[in-house]
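The structures considered in this document are given below.
Presented sequentially are two complexes of chain A, the first with chain B as partner and the second with chain C.
Right after this comes the complex of A and B.
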């Protein structure tokens, strides 16, 4: 049994122009200790899908169908009170825009110690303090800085504080939403290394959300690529980012095009490719493959029939009609 | 994975440096800010740019690459005269911009334009696309009539890939997507046919699928109008792909300069080496020996003595912490005979 199993999840936002189906039938599982990347462009539903796991969606969003099973329990059936037993203790979140998410008038030490005491009333303040100092050191901040305020830290250090907070109650799954996006390349490398070492050390499962495929390629065990509310492709990193005898192993045209959108300094110096057009308006009913209008290898059925995920091997899946014919043997 | 470049694609390399005179020559530039001390008492001097020399040639793209706090944006803003240089010269087309004020500066401005990072902030949401694009013409009193300016505006929109131009011209900038807005910003920057455009992270706010389109547009403008770019970015791999020359800045100084291929394949300064080693690439097979530097760029109010990089330098530690790194500030020296390649490190072999 997987630690987390999201099945056929659908999430809609109510808006003046009608419901926006931000996540439309997405499944994703994560094993204990596994490092999974969730990629896609802005508006593809990756954050909505991730925030549905600990039920931290905005008020105008609702889960219309599907299940979120964590350690055998369907979280989507739990009420707010029961859900609190899971948030922070089992599943915690490193929020996007963490640089502004800290309380500016509270020391970082007390902000880290707070969830420890809130979630376990038997913890004494001395114990919470010890744990807070241990967490600071674990994320690479000298514990003597516990009494400093957020503004006394750089962006990278504040992100470390956010990570320490997420670890406060010893969760088994951490959801990190664009944790390195606003940071410099060297600081990004530091934070990625930190997340990996923490994942190894505490056997943490990690869902790392990023728009940047190239960051996920060298970080994650497995990666999922979303497009317009659907799962386009998912598989082990070596299948999605790897190649075999000069052919890329990624099979969805969207993934393939995204991979060509990044400069690759280990290859010939060529101009990056873009993907003309823009994602569909998800408040309108969708017909066929959502990537079809931007796809340069689309078939006739792509405009009418939505493709299902096809198994390319037991862990690598892609949703594209081009795979329908030649995958029959694999399935 | 890498496809052959198609025939239609514009030449991305530009014409590059040659023996022509530079269109912009930055000479011994210093930019200092007074900053309040965090303790609340007194002020210190932050030296954001600490003696920079750079040349930009006509039709060339020079990338200035650095982390936040490196001074790259201060260099750009000093060239644009958005901030004052503390000392030094910025020679633009033979004229030093640093002492210019008011009217004299306005005379130069049409030939020196800027593209900003955030097209959601750089455009006025209450203006139509047409008003935005022709604004530089109005300000500089160019064009015989409104009708003439409109015509020039439509042509500029068309060149920027915004079609049908007449329909897009009537829309408000807030109605456009991020990619379209950045195209409007480029159309407005290019309408006066400037000789230099300072582009400060022009694609870093855009989705990755849109970046190529904007950069191709910029390359196309470079080929068509001969514009030179001062391309400011934190993304070394993007600079490698787009620029003719790269200058890596650290704490207000150029620490290495060279051609993109030379700089990536054969970096000499330990800072550049580390930066190159952590560039993410979209493949798993590229196993690199990453050198992740510890700590962060120091505060520019307290620039370390000697080599400013020594407190974070892996080579300094490897070499047993030689005193010279703590006492002597290394100069940027030419290190290759065949190509433009220089570095500021005590351990690089300079060309005799």
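Right after this comes the complex of A and C.
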């Protein structure tokens, strides 16, 4: 049994112009200790899908169908009170934008130590304090800075504080929502290294959300690519983002175009090849493949019939009609 | 220049400007104190001139201004035209009375206002939230003097038992200090209740709005993600952040009360700054008025300074700036 099993999840936001179906039938599983990446452009439902796991969606969002099973328990069926026992203790989150995610008027030390005693009342405050200092050192912050406030740290340091905080209760799953966005490249590399080493050390499973494909390719065991609320392609990262004799291994046209939209420092590619057009308006009912209007290899049925995920091997899946008829490849 | 020194110099300049402005303001408003004194008696022009000289109103307005500044520098606030007493003594007594009312009522109004505001704000959109907002706005829109008179009617005439005027019971003899305090406390009940009923909405609404804003901050999602209870989230994580605008509001409120909760002081004959200012305006009592306004101005400046200190306590980011 997987540690986390998201099945056919649908989440919609109520808005004045009708419901926006941000996540529309997405499935994803994560094994204990596994590093899974989630990619896609802004607004594709990555964050919504991730926040649905610990039930931290905003008030106007609701899960319309599907299940989120963690360690055999369907979290989507739990009430707020029962859910609290899972938050941070089992599933913690490294939020996007660490400056805003930290309380400006509390010291970082008290913010890190707080959940420890909330989830285990047998821990004394001295023990929680020791654990907080140990966590700070583990993420590379001198523990004497425990009494400092968030604004006294740089962006990268704040992200480290956020990570230390996420590990406070030794959770089994950490959801890292764009943990390196808005950091400089050197700091990004440090944070990613830190996440990897900590997940090895504490045997954490991690769901890493990013739109930086190179980072995901480098760090994740498995990756999933979302487009307009649907899963486009998922599989081991070398199958989805890798290359074999100069050919990309990705099978979904969107993933292929996404890979071409990134600069590659190993090759002499001068032009970055963007994808013309923009994602569809998710408040309108969708017919056919959502990528079809932007797809340059679309077939006639793409406009009418939504493609199902096709198994390319036992771990690699993609949702594209080109793969239905023949699985020899899309070029 | 160190920021504290700069702030102090600005403070001095502000006080000087206020003193000057007040002096000229009261001399250009229509009405002449000598004519008010002389109104009831038949006085010859010579006698009037003598009176003018006695009160120091004979020179040019500018020489009067210099005299005023000189005396002020010596701590002499002048002699009241109307009450025939040293202004310093009059204002001192009034200020103490006002400070008693101000301390008690501000504490009640601000603390209750915050508590009710947090209660309503953390239940945004619920029935209890709407009921709280509507009730406090209804009281907010009632005139203070009217609420005061209503309370006088209810507690003084109808139910009885609560003193409706003054600060102590006239001719009371006290066995000990506690009885004296208890007597003042009893006299405080109705003025405080009046201010609380009318003004609490100010703090309820500000706290509520601020809390609702804070509740949507990213760090509140973090707090929720940590598995904290709603209660801990609201009181431990949101309230302190939500209090910053409340501090500003409290300062404005305290400054306004030093100027005298005029309506309350008049209705309940509370011998404070408000009542004194009111009577001094009627009597064109320049020295008393000038002293009142000077004290009000200084109170505003001091209150702002205290707000600055409180900000530093509440928000560590301010200390750096």
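One rule holds in what follows: the second predicted complex is superposed on the first by the 326 of 331 C-alpha atoms of A that agree within 3 Å, B and C clash if a C-alpha of one lies under 4 Å from a C-alpha of the other, contacts with A are read in each partner's own complex, and residues count from 1 in each chain.
Here is the rule we use: contacts are C-beta pairs under 8 Å (C-beta built on N, C-alpha and C of every residue); 3 or more make two chains touch, one makes a residue touch a chain.
If you're wondering where the values come from, they're calculated on a predicted model, not measured in any experiment.
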Overlay on chain A: chain C relative to chain B, clash or fit: fit
First (chain B), second (chain C), both or neither touched by A:82: neither
Residues of chain A touched, compared between chain B and chain C (which is higher): B
First, second, both or neither for A:156, with chain B first and chain C second: first
Touching partner for A:213 - first (chain B), second (chain C), both, neither: first
First (chain B), second (chain C), both or neither touched by A:241: first
Partner chain in contact with A:260 - chain B first, chain C second, else both or neither: first
Which of chain B and chain C A:297 touches, first, second, both or neither: neither
Chain C versus chain B - closest C-alpha approach in the superposed model, Å: 6
Shared contact residues on chain A - chain B and chain C: 152
Touch list for chain B against partner chain A, complex: 1-3, 5, 9, 12, 38, 67-68, 177, 179, 207-213, 215-216, 219, 234-238, 240-241, 260-261, 264, 274-276, 278-286, 290, 292-294, 296
Partner chain A, residues of chain C touching it in the complex: 217-219, 221-229, 232, 237, 240-241, 314-317, 320
Touching residues (chain side chain A, partner chain B) in the complex: 41-42, 152, 154-157, 184-190, 193, 211-215, 217-218, 237-238, 241-243, 248, 257-276, 278
Of chain A, residues touching chain C in the complex: 54, 56, 83-89, 92-93, 95, 97, 100-106, 114-115, 118-119, 149, 151-152, 165
